[in-house]
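By letter and in written order, the chains are A, B, C, D, E and F; residue numbering begins at 1 in each of them.
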Amino acid sequence: LSLCLVMDLSHLNDAERRQLEGLFEKKQMQDFIELYNGLTKRCFDQCVNDFTSRTVSGKESRCISYCVDKFFKASQRLGQRFAEHQETTGSGGPQ
Amino acid sequence: TTHSSMDALSSKQRIMAQEAELDALTGMFNNLLTGCQNKCLSTNHHDGELTKSESVCLDRCAAKYFDIHERIGEKLQDMQKAQMQMNSTMQQ
Amino acid sequence: LSLCLVMDLSHLNDAERRQLEGLFEKKQMQDFIELYNGLTKRCFDQCVNDFTSRTVSGKESRCISYCVDKFFKASQRLGQRFAEHQETTGSGGPQ
Amino acid sequence: TTHSSMDALSSKQRIMAQEAELDALTGMFNNLLTGCQNKCLSTNHHDGELTKSESVCLDRCAAKYFDIHERIGEKLQDMQKAQMQMNSTMQQ
Amino acid sequence: LSLCLVMDLSHLNDAERRQLEGLFEKKQMQDFIELYNGLTKRCFDQCVNDFTSRTVSGKESRCISYCVDKFFKASQRLGQRFAEHQETTGSGGPQ
Amino acid sequence: TTHSSMDALSSKQRIMAQEAELDALTGMFNNLLTGCQNKCLSTNHHDGELTKSESVCLDRCAAKYFDIHERIGEKLQDMQKAQMQMNSTMQQ
């Protein structure tokens, strides 16, 4: 969610950085939307498989809640590993 | 409450917010389509009609999807607020 | 295919609405392309599994036709449920 | 027939149409890649070469994919025309 | 990777073609990024399933290398079939 | 080496390169999330906590992912260079 903080922008001047900030803001919005829809998709797929009723059951509801919690804990952990990796390899990736 | 918060935004920001809403709706609808078709439709196509049980399954699947989408949305908004507060604290 | 009709645009002025229309037109084109490619992928995956010939068999051809028909009937039904849901919850979703 | 219909468009619209065509081709090609690789390639990699049967499968898979892509395209165009007529009726 | 070469641009004038070239350049960058991430995802999914160690094993390493090689050989073959198909059907696809 | 090559670019190109880098990082991170969560997390949710073995698996999965991502990146760059040389030969 904050990949922008990971990037090395020291070679840009102030005007370029301001322009990028607007772009980053838009991307963060898109990332949030994708996160939201992707998380719903993931947990819905894993937790809801009974269509004899149109009401979410207690069991499904708990599963969803655990699925979301686990997703964020796993994302946070992988995010830390990712940040550590970026620090050791510099700006990383092909340019 | 949506409209009053919208009034404070510039024209450009309002368009961007509307575009984001369309993207969010499109993404949600596409996931609903894929998810509920995968869960409810037989992949063994004998004809081009929806069976009665497939139709009922789609309706229930949609109802459950909307419910869960909303719950997760509320959870995310709480977390986002918490993160924004943390960010604004860090920027000071 | 017509999610734009579902959205509440009453808080925008005429100029803003015109600008959005251009944007919507472009998105509708992209949505159509995604629909086309996604539908082909879905029905191809489900119906074509025999590669002893390079010609689509009668059985495969019927399967594709049924798959497309069912996809649109299911989409229409889910679209109705979606529209009903949007009406009851207002513009819905996080802003 | 494509060119004559193109001539009636503005420069901006022609660029947009060309961009849409590139997006359509890219999407189609990516689906062809993923679909036919999933159907034809063994995931048990013993070496980096395509076997004879994998190569033949890829060729046949591509031929079938193009055929089906076209059929579905024709069906979609018919439906799109019908919907556009419906829309223009609704706008009147 | 060079779908732009497949397209018929004869109905555009020079200015339009120059504008498209800038657009194509951006898309090629995005395509390269998607190819890179998609290929990593594909071969990682197929080859790495042992998490008793944090080091990539010799077996996994060979599998990755073969997976990448095969991906490119298959892509090249399918790309040839695609180009042949585009030639016979003209610019193809719905406009 | 990155910065010296960056200096030769125009402002617009530098922004585009930075945007491409963000897209690349975002795509890589999303694939890491999906891939390692699929490989390491049980889909049988008994509570909202990561187990010890899930946490260890995520760490190892990430380490392997970074390694393989880099290897494939190097291979791709070699191939891209070869293709660019071929393209420049063809354009002459």
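Heads up, the rule we're going with is that a residue touches a chain if its C-beta (ideal position, glycine included) is under 8 Å from a C-beta of that chain, and two chains touch if they have at least 3 such contacts.
Fair warning: this is a prediction, and the values are worked out from it, not measured in the lab.
Comparing chain pairs C-D and D-E by the number of C-beta pairs in contact, the larger count belongs to D-E.
Farthest from subunit A, judged by the mean position of CA atoms in each chain, is D.
If you average the CA atoms of subunit A and of subunit F, the two centres end up 15 Å from each other. Distance from the subunit C centre to the subunit E centre is 25 Å, each centre being the mean of its Cα atoms.
Averaging C-alpha coordinates per chain places the centre of subunit C 30 Å away from that of subunit F. Touching of two or more other chains is recorded for residues 32, 34, 36, 47, 68, 94 of subunit A. Residues of subunit B found to touch two or more other chains are 20, 24, 28, 40, 59, 63, 73, 76, 80. The residues of subunit E lying in touch with subunit F in their complex are 1, 26, 29-30, 32-37, 39-41, 43-45, 47-49, 51-56, 60-61, 64, 68, 72.
Chain contact summary for the complex, subunit F toward subunit E: residues 16, 20, 23-24, 27-28, 31, 34-35, 38-40, 56-57, 59-61, 63-65, 67-69, 71-73, 75-76, 79-80, 83.
Against subunit C, the residues of subunit B that register as touching in their complex are 2-3, 5-7, 11, 14-15, 17-22, 24-26, 28-30, 32-33, 36-37, 40-41, 43, 45-50, 54-55, 58-59, 62-63, 66, 70, 73, 76-77, 80. In the complex of the two chains, the subunit C residues touching subunit B come out as 3-4, 6-7, 9-13, 15-16, 19-20, 23-24, 27, 31, 34, 46-47, 62-63, 65-71, 73-75, 77-79, 81-82, 85-86, 89-95.
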